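The two complexes that follow have chain A in common; it is paired with chain B in the first and with chain C in the second.
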Partner chain A sequence: MSLELLAQTIINGLFIGFLFGLAGMGLTIIFGVMKIINFATGAMIMLGAYVGYWTYTYWPYSAIPGIIVSVGVGFLFGILVYQVLVRRLIGKPLLTTLLVLFGLTSILENSMLNLWSPNPRSIPIDFPTYSYGLISISTSRVFVSIMAIVATILVLAVFKYTTFGRIIRAVIQDKIAATLMGVDVNRVYTLGFSLGVTLTFLAGALLAMVYPFEPFGGLPYALMAFVVVVLGTLGNPVGCLFAGLIIGTVHSFVGSYWTLNMSPAVAYLIMIITFLLRPQGLMGKKE
Partner chain B sequence: MSQENIMTINNVTKMFGGIRALNKVNVEVKKGEILGLIGPNGSGKTTLFNVISGFYPATEGTIEFKGENITNLSPHKIARKGIGRTFQIVRPFGDMTVIDNVLVSGLFSGKMGVKQCRDILKTTRLIEREGDLAEMLNLAEKRRLEIARALALSPEILLLDETMAGLTHTEVDESLKMISGIRNEFGLTIILVEHVMRAIMAVSERILVLSEGTKIAEGSPKEVSENEQVLTAYLGRRV
Partner chain C sequence: MAMQVLRTGLTGINSLTISLGFLTVIGILGLTADTATTGYLHAMVELMILAYSLNLFTGLSGYANFGHVVFYGLGAYTVSVVAVSLASMGFALPTFMYIIFAGIFAATFALVIGYPVLRLRGDYFAIATLGINEAVRVTICNTPWLGEGRGIYILGLVPTYDIKALYIQLLVIAFAVVITSYLVLKTKLGYGLRAIKDDEDVAEMMGVNTAKYKRIAYALGAFFAGLAGGVVTLQFACSFPEYFFIGRSVDMFVSIVLGGTGTVLGPMIGATLYWMVKDHLLISFPYFHLIIFGTILIILVLFFPGGIIGLLNRFLKKKGRVLE
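After this line comes the complex of A and B, so read on.
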């Protein structure tokens, strides 16, 4: 058990933690705003990855356009899904949401399979890798981490300093009082849902630069995102980022010192422990 | 103070299943007045507020605001047209600062900037606490924050639902002063529901009495307090 392996494990863990954190943030914003659990997260992550992949395939000069296009498509896709499906799920029993969004997952995954084959793909960007002794740091991972941090800061800044952010926070806390302030809750829901889907797509587009992906590959990420949301306190984006880094590191440790197959099991064990000891999550106040 | 009507409530009835919460209520609200709304528990005061602000659709009847029919518009549209309200139970956005609470309505309605919102905090004596989280405020301050948020919509009518419940004697006096103050400063029309009889008698120019959903009296505080039907409704019989 060398020091190098330990350092490498931590670095890899933090890196994938940013991705878990982003996907979790998408989930937690949607849940916070409209109390809907986006069970289609996994398929949306993969769709985001494909959008990034195709943009890069047609314009293979830089990684940036793929991210921008994926974010844009994610936003529009979010509005579409909200207006067609999710709008009708507000206030309905959880089972209805579960079935409808699993249905959506199925439609998305099978469409991706039909359109783009089951072959795993990845964005073949040539990022250099630097080695320090036995530790290697690929610049692609550094790039992806920076993008994730930038996105998080942007989201937090929007939440804290803009009118739109104040309105979203107001709706999260008290929908009825917000209505009295002249806030059109349906519009806030539309934008809140698209913001969540946008972050999910972004997680996918970033993931595609580092890992191979295929139409049905979203589930493991979505499962981790759910753990991150619980650990980081429901509805709290900052908590999500921290929880993402914790779960990412755990994931990486389990992979290095045990077997990666057990990583979701350990993550879920952490979730159960969270429910038992601190159900309000890391960032939550005691009720 | 002109005698022009700002809002007309025509024959408004509200049914909850078989229960008649409001029964053919007619009210003409004069521009610039302070109108008190009283009645025993369950007489339909808050229901009337909820119908005016669009939370409950009226079963029958219409509500006109400045000559425009606003019956059954959605609540956020009614709020934007200029009818602000507070809640009987305070519901500030607890995790947000005091100033952010006010900015939600102020900036969103596009009618006010940060400066005007801070002016409202001065009027409602909350300016020293603008940076504190709303949940840290005491009850009297939370009630003032409710009023401040409603004011930030720059409304023409303000519906105040029991803003003095649970306040101490001194706080009630301060609150009364503030209510007349904001009416004069912002040129508002105010309708208030209140259980503190001393308060509503002192501040209202006109009083409307509801009992079991029906308007049973209307007039100056003095007229109403001498009305037999009102005394019967409150006390059960003439004393």
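After this line comes the complex of A and C, so read on.
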């Protein structure tokens, strides 16, 4: 129980927290815009990881192209999925949404299995690790965190300063009023959904640089993203980032002082306590 | 569907007789056939029971209980824990007693977690149930006296390798769950649950005790899922964390949606058809079956939301009759 372990735990927790926050942000934007929970998040995170991995195998000099390709593919994939499937789900009962997105998950997972085999993969980039006393910091994690922070700032800037962002915020606040003001809801939904999917893909591509991944490995990350979204208030990207950091730190503490395997259970416990004590989340106002 | 009977004056077809008759046929088929066929039908009847148990709560009230498989897994673990601890004291019970223990434990667990979880609605409820299932699975995987990832083996503590005897017990549970579903559908509880599905706030305003109704149906569904889990432990003589696999929940969901949610006949038709189709796809297209299955699921849910019962009713209504 030394001070070094404590510091190391906190640093590791914050690093993974940015990833959780990013994955959660993808979910929360989609929910905010169209009140649909993207239950295919797990498969999409893994798909983002594989796209990054694939790019890297063709151009194994830098991690940047993989991330850019993953983001681009994520955006196009989001538009495709919206136009083919999600468009039909708006206003449908929850059960319909759940089952359709589950069907999508099985299609994606099976496709990934055929394309990349069930073996776990990872992006073997050689990042150096620096040690300061007993604390060691891997530059891959620093890189991943910086990318996550940049992406978050970009999204928030788009939300705050551009017309598109203002329109999305308007739809999140009041869909009917936005429609009456002449907002093309279908276009906002398309872009909002693909923005969410893009962030999910980005989370996957970044994750691939720190952790190994496999076609069916998405569920634990998806569940973590759900916890983050609930804790940080559904539909609130800033709250999501904070909740991501909190959950990341808790994850790291459970791993250091108990066993990492129990970390999901602790996270779900936090989620249930949140539901009971503060169902609107940390950042939400009381209804 | 029964609402339609009330509103439109259509004659309801007696689904209970059809369901029980169908079950009897499957039962006789399984008891007279060779062991392989019995095993196949055994798994099918098990899925039927699970589909009915999900239908009792989710089908009627519209709450998406995605973590329903947790009761199945807990039932399975109850049997092995009870068997092992009784054996250490030198006792052994008749097998059906273990199964009843499994059901009671699952129902008790449902009552306890139902207190916080049933206060949630919509997406929150779905996420919470999913989370509870994972939390229970992860906790079991990390608890030494529950066997961690290895599971608990009860080989030699209970009579094993007697698939026909287990099949009879499974059939008894299946008959019970069909009759229970029919009774729930036809009593105040069923009408209350369907009112909750339509609009919970209005139902509460009209004097439906929504909290109580939801809790009863939730525990009832958990009880039958626990019974099915108990049988599966006796069948394989062990219980391991794979019983909490979320794909099992999906099997149940697809079954009730395929057949028609909230009906008496639906889960049976859905489970039978789904089991046969899934088995066939798995054998014919081992590398693509999930793609085909996912596509079928999406088409089914988007374009035939009433399931097979809904399709049949389109034709039957013209003749003034309706299936329920």
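To be clear about the criterion, the second predicted complex is superposed on the first by the 287 of 287 C-alpha atoms of A that agree within 3 Å, B and C clash if a C-alpha of one lies under 4 Å from a C-alpha of the other, contacts with A are read in each partner's own complex, and residues count from 1 in each chain.
Following the convention adopted for this analysis, a contact is a pair of C-beta atoms (placed from the backbone, for glycine too) under 8 Å apart; a residue touches a chain by one contact, two chains touch by 3 or more.
From a predicted model like this one, the values you see are computed outputs, not experimental measurements.
Of the two partner chains, chain C is the only one touched by A:S111; chain B is not. In the superposition on chain A, A:L191 makes contact with neither chain B nor chain C.
By the touch criterion defined above, A:L14 lies against neither chain B nor chain C after alignment on the C-alpha atoms of chain A. With both structures placed on the common chain, the touch criterion links A:I125 to neither chain B nor chain C. Counted by residues of chain A touched, the larger count belongs to C, out of chain B and chain C. With both structures placed on the common chain, the touch criterion links A:G182 to chain B but leaves chain C unconnected.
Touch criterion met: A:R166 reaches chain B, while chain C stays clear of it. The touching residues of chain C, counted against chain A in their complex, run 58, 62, 64, 66, 116-117, 119-120, 122-124, 126-128, 130-132, 134-135, 138-139, 141-142, 246, 250, 253-254, 257, 261, 287-291, 293-298, 301-302, 305. For chain A in complex with chain C, the touching residues are 31, 37, 85, 88, 93-96, 98-100, 102-107, 109-111, 113-114, 219-220, 223, 226-227, 230, 234, 259, 261-262, 264-265, 268-269, 271-272, 275-276, 279. Taken in their complex, chain B has these residues touching chain A: 53, 55, 74-76, 79-80, 84-85, 87, 91-96, 100-101, 103-105, 107-109, 149-150, 152-153.
Touching chain B in their complex are the following residues of chain A: 163, 166-167, 169-170, 173-174, 176-185.
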